[in-house]
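Sending over a structure as structure tokens; questions will come in a sec.
Letters A, B, C, D and E mark the chains as written, and numbering starts fresh at 1 in each.
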Amino acid sequence: MIEDHPRVGRLQKDAVTESIVLNMGPQHPSMHGVFHMQLELSGETILAARPVIGYLHRGIEKLAEHRTYAQCMVLVDRLDYISQYCNEWAYCRAIERLARIEVPERAEWLRTMYAELVRVTSHLMWFGSVGLDLGGWTPVIYAFIPRERIFDFFEATTGSRLMPNYLRFGGVKEDVDPAEMEALHAYLAKDLIDALDEFDGLVTGNEIFLSRQRGLAPMTVDQAHAWGVTGPMLRACGSTRDLRIDTPYGVYDRLDWESCTDTRGDALARYSVRMREMRESAKMALQCIERMPAGEVRTKVARVLRPPEGEVYVRHESTRGELGFHIVSDGSPKPYRFRVRSPAFMNVSSLPHLCAGAKISEFFAIFGGIDNVMAEIDR
Amino acid sequence: MGLIENAERPNFILTTIDTLLRWGRSHSLWWCNAGSACCSLEFAAMGGARYDMDRIGSGLVRASPRQSDVLLIPGPITKKMAPIFVRVYNQMPDPKWVIAMGSCAISGGAFRESYSMTRGADTVLPVDVYVPGCPVRPEALFYGLLKLRARVRGTSNIGLAHREPIYVPPDLPPEWEAEVREFLGEHEAC
Amino acid sequence: MNARIFLTQLLGALGLIVILGFNVIIMDWWERKLVGHIHRRPGPMHTGWHGILQPFADMLKMLSKEDIVPDRADRLFFWLGPAVAVVPAFMALAVLPLAPGFALADIGNGLFFVFAMQTIMPFGYTLIGWSGHNKWSLVGALRSAAQLISYEIPMLIVALGILLAAGSARLTDIVNAQSTVWYAVKQPIGLLIFFITAVAEMNRSPFDMPEAESELVAGIHTEYAGMKFGLVMMAEYTAMLVGSWMIVLLFLGGWHLWPLPPSPVWLVLKLYLVQSGIIWLRGTYLRLRVDTMMEMSWKYLIPASLANLMLVGVLATTFKGF
Amino acid sequence: MTVDLEAVAAAHSGRVDREGLDPAIVVPRETWRQLAQALSEAGVWFSDLTCVDRGETVEVVAQVCASASEQITLKTVLPNRDLTVDSLWPVWPGMDWLEREAYDMFGVSFVGHPDLTRILMFDGFEGYPLRKSFLLETEEKAS
Amino acid sequence: MFGQGLLKGLSVTGRRMLGKTECDMYPYRKRVLPPKSRIFLSMRATPDGKALCNACLTCQQGCPDNVIRIEQDPEDRKRAVSFRVNSGRCTFCGICEENCPRHALTFTQDFERATFDKGTLTYALIADGTATGACVIVERTEPEHPASAEGGEDVG
């Protein structure tokens, strides 16, 4: 029996029928990895919800303290395994700020392009899982086709589809060969936009989808700030916080794009913010390919980096929200403390408040909108 | 199929039935996805349009372990998750196989020394196929599935002693002994 | 004399079992192939020519799986559940004519016999769900009971409209009344409502709440392994066959294709076209929420079917040949 | 909306530590929640809370955002023998999981926290993994 | 109108249903993978079986998961007697290939290596002095371009 707890939601004392506790266990078809949710139900309505996490806790922060800074890049790839370049870039920015390393112009353009491409693939994966949660098998299969095409570009230029280990302190590993860039430019300009229009036709306009999403689990900006929610979920409630604009890094201030926000704050708003973000990111990647200057991609850095003693906290706009790297260094080649502020960790902590009183099938519509990655939550 | 498994001498009828059953089993291996980390993305990509595992009959990812044949472990097994994997494996009906996908499932991979990780899936479950890679390419997993298919079709089941109904991991780590024992209690051999 | 009748009936029943088995094989393959092509992937390819032997492989595998009965399950109902789901659908086949007069029992009120059989199916699905002693299947069972019962009412009211127009409840008469103009043309609203309710009766997407994979693990048949699960799949495909056969008989003019001579080939063709349309729905739509599904039946479909019945009544009395 | 660090630090008998890359307000343990309360009323929202094990003391570090672009670090130092500090859950409800993780990894107990249990490790686990005193298997073999 | 979104969804899947499929038909048609793709760690060797590795242990110390195990020839420190790789533990990050001063290590695109027993995942690139079959035969002997060939102590 989940005790009557302000954080979890009101418990109907006068519930005549006995409520059952349902374990949406770690091994569940639509639980995005190993996420465990204890739901207390009366009939189909959720009285109280208690997420249990930690099933994928691999102790990355402890392991990072036993590796050199270059070797930690391998662990950083596996934090949020759907948007790897954002993790790598945030980690590189933290170390570059700590060790005062300059990054050449072309490397900044390359980093921005890769981050926006990975935002597209991450939102495609999210779109597929929203369709899967709501019972449609087709959106996930359609979403994987453009994703595969972008993975081909990643593999051809960085060596691996999912775990590139491509960024280095002071730039990127090696330059991108222009033929691949041209092929990707052609794809992004036309085929990706057609694919996105097709997804809109398949899901966005669908009355069944709208009836399930409209007005579901609304959230105001103050609630979002109170729970620490950031990223597309926060922008869906009307806030304009976007770290790419507030604390400009890379070449975001030189590209023409606008951050997508919405005012309704419900599940449909979160959906439309992410769908528009995909188009914005594709547009940005196109501009990066067109306006990228020639030049060096990597400054000379000692192979075993020994940053000066000190502490740094860098905030980065990852696909799920504000990704923070808090690195404490004591001058040795290994970090003294390696802390990752995971956006999905905070977004999922708002789940019990959002789904108290919802139905089981509504719970999955809400859960699909949170777009969590267990590897980043459990670290 | 107790008849076939307990037969001593193969005769004509049993071998034909056995060949037929092996053909059927190998062509319809349904997955039970324990969906844990990065490799589960590549497994989902394998179900997608480009690699399409349904071509060889194993396109159905059954949600409930009762209706699946192959347990896929696409990622690390943490100590907190280990008893749940053992419970899912025990819930699967008998001719069942396990595929350890990726370095995390084979040997703990990048997180070998961590305090919360088991050193690979074979410390917890009897693994049939190891697929190296980090993450494993969809084609590599497809090749692993083809190898499992060839083995299922190749090994005859005549005289194969029936496996004991409940799998108990050899060196049961103390911290989750209660979980598996409690599960064993409620599921006597049937 | 009655020995001969008994023998013919027995042969007819065996023929029905062949039709049933044949349909399950065809549909199992055709569904995976069609959904595959909707997903721009080829579907079963390498087990026989274009995967045609895939259903046999599935059945052989399911035959040889360990048959698990959960410890605290209700053994009798666990075994009985799939039977209670398959037998009514199978018995409903006895009344459905393939050609004029060519039905195992072309009885006077064939229409109501089919609906009588369809009212037993909710018991089967609920038994399947309840007996597995699994919270998921329990929720699935409650959903399936609510859904099947509440979608039978609009189906019956629309069928009354057909009865009014055709004048007799014998299915062959209903089909012969459509020899020139189908009822789909005369009662388009009726066809739409009947199609929606038929899809809901078969638990097919977008109404597949009882076995909602993404929500309730595997819905009502979470605890079923091996051949019992095969039996539940057979029940599902048989219900689909009965539902689409009724659509073809009542609205699409059975074996009549107006300019061409009537023959059972048209009926089978239309049957598989309707079933492909139902699979097309599965490939396209997301699942409805449970309360919207209930609300849709009680607030929209029942009033619409009553309006349709009134409209047909008015038209049938004013125009003679309607 | 920039926050005047010196005034806030002085009000809570703390000091502003500027020699690092970012300014940080360091306050004693007692005024930790009042500092957070004052900042919260000034419209500051939180971003992160973690701990750093400095051997004989453990630093509790909170990152808060005064505005979309301006970010402040709050610190308090706890002696190793008794790691208790006021919980910030009443001020910012989102701190709930962050403090549970700090308890799970460092053993810092937060007074006033609604449900201080382990969040990442399984319940039967003893020890606090991210403390420097907690050695991995490879280190135990080596040392 | 109410049903407009539903019909649009049907038209999308209808068009796709009749269109052609996007499948690679993997076992029957094998796609040529890009040369930079890190799938199978291998070693460059000259046609007469001499690997380019001069046993400087840079890769062994640089690897985060100690996947590589090299035994140096006791008398000639510049020659490796055995070079074993445990691909069951490797995360394919490419640090070893990048750090190797003589550019001896390279990745090939052979992904068909699923096995039934874990032992075969540990393979040897150099066995008792000579390059094994897993190596890539190249014609030249000295490294491609004068890479930063400093010794093994400065390990990334």
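The rule we apply is simple: contacts are C-beta pairs under 8 Å (C-beta built on N, C-alpha and C of every residue); 3 or more make two chains touch, one makes a residue touch a chain.
Just so you know, these numbers come straight off a predicted model, no measurement behind them.
*Asks:* From chain B, count the fewest steps through touching chains until chain C is reached.
*Replies:* Each step joins two touching chains, and the minimum needed here is 1.
*Asks:* Which chains, if any, touch chain C and chain D both?
*Replies:* A, B
*Asks:* Measuring centre to centre with C-alpha atoms, which chain is farthest from chain D?
*Replies:* When every chain centre is compared against chain D, the largest gap points to C.
*Asks:* Could you see whether C-E or B-D has the larger number of C-beta contact pairs?
*Replies:* Of C-E and B-D, more C-beta pairs in contact link C-E.
*Asks:* From the C-alpha centre of chain B to that of chain E, how far is it in Å?
*Replies:* Result: the chain centres lie 27 Å from each other.
*Asks:* Between chain D and chain E, tell me the centre distance in angstrom, where each centre is the average of that chain's C-alpha atoms.
*Replies:* 43
*Asks:* Find the geometric centre of each of chain A and chain D from their Cα atoms only, then give the gap between the two centres in Å, rounded to an integer.
*Replies:* About 25 Å separates the centre of chain A from that of chain D.
*Asks:* Where does chain D touch two or more other chains at once, residue-wise?
*Replies:* Those would be 120-122, 129, 134, 136, 138.
*Asks:* Where in chain E do residues touch at least two different other chains?
*Replies:* Residues 6, 9, 12-13, 16, 21-23, 25, 64, 91-92.
*Asks:* For chain C, which residues are shared contacts with two or more other chains?
*Replies:* 36, 38-42, 45, 213-214, 217, 283-285 - these are the residues of chain C that touch more than one other chain.
*Asks:* If two chains touch, include that pair; go through all of them.
*Replies:* Final set of chain pairs in contact is A-B, A-C, A-D, A-E, B-C, B-D, B-E, C-E.
*Asks:* Report the residues of chain B in contact with chain E in the complex, numbered from low to high.
*Replies:* Per the touch definition, chain B meets chain E at residues 49-52, 55, 103, 106-110, 112, 120, 122, 128-134, 137, 139-144, 146-147, 151.
*Asks:* For a test of understanding, state which residues of chain A touch chain E in their complex under the given definition.
*Replies:* Per the touch definition, chain A meets chain E at residues 67-68, 70-71, 73-74, 77, 138, 142, 145, 152, 155-160, 163, 165, 173, 198, 201-203, 205-210, 302-304.
*Asks:* Applying the document's contact rule, which stretches of chain A touch chain D when the two form their complex?
*Replies:* Touching chain D: residues 5-7, 53-54, 57, 59, 61-62, 66, 97-98, 225-230, 240-241, 246-247, 310-313, 315, 322, 324, 326, 328, 336-337, 339, 341, 345-346, 349-350, 378-379 of chain A.
*Asks:* For the complex, give me every residue of chain D touching chain A.
*Replies:* By the definition above, chain D touches chain A via 20-22, 45-48, 50, 52-53, 61, 63, 68-69, 71, 73, 92-98, 105, 114-115, 118-122, 129-130, 134, 136, 138-139.
*Asks:* Considering only the defined contacts, which chain C positions touch chain E in the complex?
*Replies:* 34, 36-42, 45, 280, 283-285
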